[in-house]
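Which chain is which? They are A, B, C, D and E, in the order written, and residues in each are numbered from 1.
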Amino acid sequence: MARIGVFVCHCGSNIAGTVNIAQVMAAAQTMPLVTFVADNKYSCSEIGQTAIREAILKQKLERVVIAACSPQMHEATFRKTVAQAGLNPYLLEIANIREHCSWVHSNDKAAATKKAIELVKMAVAKVARHEALFTKEIGLTKKALVIGGGISGIQAALDMANAGYPVILVEREPTIGGRMAQLDKTFPTLDCSSCILTPKMVEVAQHPNITLLTYAEVKSVRGFVGNFEVEILQRARKVDASKCTSCGICWQKCPEKIPAEFNLGLGPRAAIYTPFPQAVPNIPSIDLAHCRYIKYQEFVARGEEGKKPPQCRICERLCPPQAIDWEQSDQVLVEKVGAIVVATGYQTFDHTRYGEFGAGRYPDVITGIQLERLLSASGPTEGEVVRPSDGTHPKTVVFVSCVGSRDERMGRAYCSNVCCMYMAKQAILLKEHDPEVQSYIFYIDIRAGGKGYEEFIRRAQEEARAIYLRGRISHIYQDGKKLIVRGEDSLLGRPVEIAADLVVLATGIEPSAGAKELAQSLNISYDAHGFMVEAHPKLRPVESRTEGIFLAGTAIAPNDIPGCVAQGSAAAVKALAVLSRPSLVSDPMVAIVDPLRCTGCFACQRACAFNAIDSQVTRDGKTIAVVNESLCKGCGLCVSACRGVAMNLKGFSQQQLLAEVNALWR
Amino acid sequence: MALDYQPKIVGFLCNWCSYAGADMAGTSRLTYPPNIRIIRVPCSGRVDATLVTKCFQQGADAVLVAGCHPGECHYSEGNYHARRRFTVLRELLSFLGIEKDRLRLEWVSAAEGKKFSQLVSEFSAEIAHLGPRKDNGKAAGGSL
Amino acid sequence: MNQAIRDKAKELLASGAVSCVIGYDVGSDGINARPFFAYTEEEADGLAFDQTCTHNLVKYLIDRAGKATAIVVKPCDARALTVLINEKQVKREEVFIIGAVCHGIIESTWGQKGSDLQGRCQTCTQHTPLVYDLLVGEPMAEPTPKAPLDHRAATLANMSVAERAAFWAEQFQRCLRCNACRQVCPGCYCAECFVDQLDPEWVGIRIDLPEKWLWNTIRAFHLAGRCVGCDECQRVCPVNIPLGLLNHKLEEEVATLFDFRPGVKADVPAPLETFKKDEKLGIGE
Amino acid sequence: MTIPDVIRPPLSRPLLIFIEAHSGQPVSRCNQCGKCTAGCPAAWAMDLTPRQVMRALQLGLDNDVLASSAIWLCLSCQICSVRCPLEIDVAKVMHSLRHRTQEDKTHPGDKNIARFHGVFRGIIHRYGRIYELGLAGLNNMVSRRPWAHLKLFPAMLRKGKLPMRPSRIKATAEVKNIFQKVAALEERFSTPSELTKGDR
Amino acid sequence: MAGRTYAYYPGCALHGTAREYDVSARLVCQTLNVKLQEIKDWSCCGASSAASLSPLLGIALPAHNLKLAAAMELPITTPCAMCSYRLKTAAHELKDEATARQVSEVLGSAVGPEVTVEPLLQVLSEDLSFPIRKPLTGLKVACYYGCLLVRPKSVLQFDDEENPQTMDRLITALGAEAIDWGLKTECCGAGLPLARPDLVHRLAYRIISLAQRLGADCIATACPMCQSNLDIHQKEIEAEHGEKLGLPIFYFTQLLGLALGFTPRELYLHKHLTNPLPLLRAKGLG
């Protein structure tokens, strides 16, 4: 019979402050098969681990229960500990008496102690049914996929490519660059955004290790760490990239003009276009929804009566290298990669949901990003800040913070992190553009926690003479040419009204459209807002809970450029740690078939989402199920589908779970 | 019903969402009644109907199965299977004389520590209110 | 009808298309039918079909895997056969199905022929088999569905939880753990039934109520979405536990929740082997 | 006028607890963003702005709150409630505070407005409907400003906007009965506000 | 709308300061075949005063009238925004069991929350194909809703809280132009002109002057308090601000009546303190 050792952790006072350790130890002594009980001040400390190792050797322990914090915290640590003492690492069970006990029952010590004893009892009963499990080595594809070509994705791709690994960078838009490409300057240094971004974009395009797929989307992901299979939809540009010389004649001559998304509708673009002059790649795309020839084709295809729309095809006729290719169609590419970095970025909150700010019907109420485009020398006004309504220069500008942030009514309880800083930046830039501008910044709290940030706010206040008013805006309405902005100066406790020429809404950050759907196909978790969830908010901030998939940038949470770049590099390092291994170790906690019990009904196969159940014919001619261990992810769905318990899950076997249930009543 | 009646609830929590959600409740020091005993499983879909029925046979006052929200299962589909399985099992148990409310399937994400603690508090109160099992605790009469 | 069965059986045996025809002959009391295996043309003359053919024979096919067999099935048996085919216990191509139009089975005892139809047959809506290679008898129009005859179903539904618990305690208390219900059930073909397993030991060996309760509960659950309602389990129960009540309850739930009737369609997964993403089941919402 | 003392927040905050329970509104959640006050049409006339009322409640300055004109100047226009980013129904809090002053009687309320409401209620009690000329006259008398609004009266009378006689209803007894029963119910429960969750 | 019958609850003001609202409402309803059956012996809804002093009284008074209407088995309509607000709020509060129990104790019998209450503006906007005889061409109208018609949407379920459109659409259908402006649902001071005229004057001034600056010829209202605050007090406001306003304040029913061909006198337009007749004459509508 197995000799079981039980180690009860005090975790300082985290556990011992609530749970009576002595009572737990005394109870453990009486549990079946337990031959040794000890306590530890901190089991996870080196001293604690050494004590466990020594006890295993001295007491000839064959199985170990550690009653401590959640297995999510230290199961991996303690598996190593017992392995160092010569035990199979899977002959360990953790009783979670901290997160599930002492921390949640601090108000009732007796009940907490009683519960801790039962949790240990369950763990002892379970560990008695543990079996030694052994890992296997599997191969991997030494190539990475980066989803999203904003600054985070660019950084991750460059870091991995520079480390010598091939990278596929997939971007949904026709160009990489992301949101950063839309910004004029960056805080707190006031570097020109495109001046620091463009060289990186070009480096991506020219890097021999990077395959850049723009105007493309990840459709599905299958497989597991080291061996992902990705389907990528490459949308048709209708322009042959191998012929195009980016001369620009097509987009200059295209007669169809529509509001440019890149400029948030503040200027026009053609139906064949590159989003901005420094786009990478600088190959234009034909916007199918607006191209006249495409509309003509659709009209003809519908076989409608009436006057046919013009055929146009001006771009095709004028293109010197004849790069327009109407036959080009969407293509699905299949790629194998070993690691994935998700950097899908953000979009800004739709401020038209605020009726009290005019719901979008006042032209001179604009968003922060729109002001960036007005400030930018490459923007629609070539850097001249003018009112969209009448083209005049605004003198009184009001900034409204927290539009779609810290607002539970809008379902956005969180702070968007960057708005305080970009409002200060824009106030400074406005003053630089026109010394007569007076900025008023309505804020709730000024959040300026970064390096040099607080100083930057002072610069806005002192140099740019921005007036900061503490209070949220309640109402904006048009009074002739002026916009009346009603707020409270909550420091004086009096209502404030400002007649503004321009109102800038600091719209908050939310995950890009489609991020949730992508997360679903990647099988990674996301929160209620659609931000990706980290494996651990503090200790594993750029890993998803799915092995081999890493996260960077505003896909995780609102963040500023230095934060995104750091995360891009961090995610790259984490991915490189996978790619640089000679082989991967498989998780041994997978399903297993008992061939004597299997009747070959294949309920398991019908339930399995991973195609991990194959069939095999036994020597006596029976067809039964068999588990493909490299595809099995260990969910155990097949186990519950099997009425005859022919299917079992190593590590969470029917015997183990039943032992836990039974222990509760023994 | 005695005032000190303390129901015993078995909770099967999926490792990826709900178990982590329960951890989050702990990390956030959100207290809840000590009636629940948590069993870690990889997925709510792993929870066998026999295992749950066994809990009731042994005398559990209630069973909670918690997994990732629909669409967020770490294994894509396990929670959908759990949803069907426990819908049917609940009907069967109710037909056999165990109130439907005693078997709950809930979705708790890794971030929903608060939801978990509220859930356990509510569930414990609800079961305490329901009182001991009508079949005298041990399934269908225990020592009959 | 008998002649049609015999002729076909002989033809199949003679040609070597099958090596055995499973059907019924007249039992030793000269009244009630019993299962009959015809291996030769001569034996095929003993085949008969009448309103005493209560047995569901399809379970015999599992042991004849790999050997071509013909079988006589009633409409309910045919549905059970479809379940077995879906669950890969029987290969369709190995079976020649002689489907018999059934006017209901008569409640009778040994040596004595009764006059009333069995309960399940009184509310039956499937008198013609859904699957067959040869149909014997004249197909008939199906009646509109009727509520189950066993009034206890309705009574139970209206009872309080405590009353239901008491009712079933009284029923299960009688269980002898003889497993006859399992042996006769076409859906119970596990190599080692969970109740017999020692590792894991789901059900203890004590013959007391909790163990009987667990066995009967899980037996019913394992048949959810698979049971075709042939009621053979109830017929063979030596202590008259109304197992049909449990089975029908689940049959009804599966029909309302998932719009599913077991054994009606080939090549579809049982409802508990599949799911729909957006279904609302009133749980986990 | 007394010189304001330093704030010494009390350890118990009975009014906060009462108002949160009575109005069902999480006053403690308020993070003082000021949006309520920013949109409030009457904030400029208040001694404490709506935001400050919430703050004083949070700090336990119960007397300041109950004595403030804000709770009577609130027009119940609901702008604060529908725009509050934390979804606190501020107008409901104001209502609850008004009810509170009616119960503990130590704070009679804003002399003009509370009296006006009282006169208004009296007229309904008497006639079943509002008798505007009577309301105006009575209000002037009660508020000891007999000549208030006098300039308006001639024009309004000329336009027939102020009928000389009240529009009486037959079932005045029924209306009186409602008043009586409400009063009786309020008597029965020591704190009338617990009768209903408060008015929106 | 057309052909339907409503239990009509005019409210106290329509028997007093707002006679012209009652008269014009009845005239247009008759023309548009909306049948109004006045609730017999209706009593005051308590306005904000009853609710301010006693929450239970604030529900019981309107609930009494809901009961009267329920007996008629008709949906209620009322021109007055305050009355519709109080009636709808009471019906909403009656969904709460405890409240319903107390109210039924007060009233002697139960009142269900299921009585529907529709402000007259809603009733008359259901079908905008009016038989117009005199289009209000050239008239620029600022539609002013006030607070009680739209807030809170969770209870009233009527129109957008910030930028309602119901009256704008109705006014546009009459051939007039409805201006876009930002104070449609700003509060005018409600029932406080007697208690705090200073406050009401200031709020009313903001509203009237903005409408005028944005080019409105007049303001249309759907509430007797809004109308009287903006109209009756306009002279005093002018005096206080030393500024001539002279902006006529109509009930929307009066503008509808004009378009349907009624004369200003039939619509009691002479009852207004800010004389609208010069404007109507200037626009060829008088």
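Observations
Just so we're on the same page, a residue touches a chain if its C-beta (ideal position, glycine included) is under 8 Å from a C-beta of that chain, and two chains touch if they have at least 3 such contacts.
The structure displayed is predicted, hence computed values, not measured ones.
Hopping across touching chains, the smallest step count from chain A to chain E is 1. Common neighbours of chain A and chain D under the contact definition above: E. Taking each chain's centre as the mean of its CA atoms, C is the chain most distant from chain D.
The interface with the greater count of contacting C-beta pairs, when A-C is set against B-C, is B-C. Centre-to-centre spacing of chain A and chain B amounts to 31 Å, using the average Cα coordinate of each chain. Work out the mean CA point of chain C and of chain D, and you get 74 Å between them. Computed centre separation for the pair chain D/chain E is 23 angstrom, with centres defined by C-alpha atoms.
Touching of two or more other chains is recorded for residues 356, 475, 607, 641, 654, 658 of chain A. Across the assembly, chain D contributes residues 44, 79 that each touch 2 or more other chains. Among the residues of chain B, those touching two or more other chains are numbered 49, 54, 71, 77, 81, 85.
Every pair of chains meeting the touch criterion is listed here: A-B, A-C, A-D, A-E, B-C, D-E. Within the complex formed with chain A, the residues of chain B that make contact are 8, 10, 16-17, 19-20, 22-23, 25-27, 29-32, 34, 37-43, 45-49, 51, 54-55, 58-60, 68, 71-72, 74-78, 81, 85, 109-111, 117. Looking at the complex, you find that chain B touches chain C at residues 49-50, 53-54, 57, 67, 70-71, 77, 79-99, 104-107, 133-135, 138-142, 144. Interface residues of chain C facing chain A in the complex, by the touch rule stated above, are 65-66, 87-89, 189-194, 197, 199-202, 222, 269-270, 272-274. Chain contact summary for the complex, chain A toward chain E: residues 355-356, 358-359, 361, 475-480, 484. Those residues of chain E that touch chain A in the shared complex are 160-163, 180-183, 210, 213-214.
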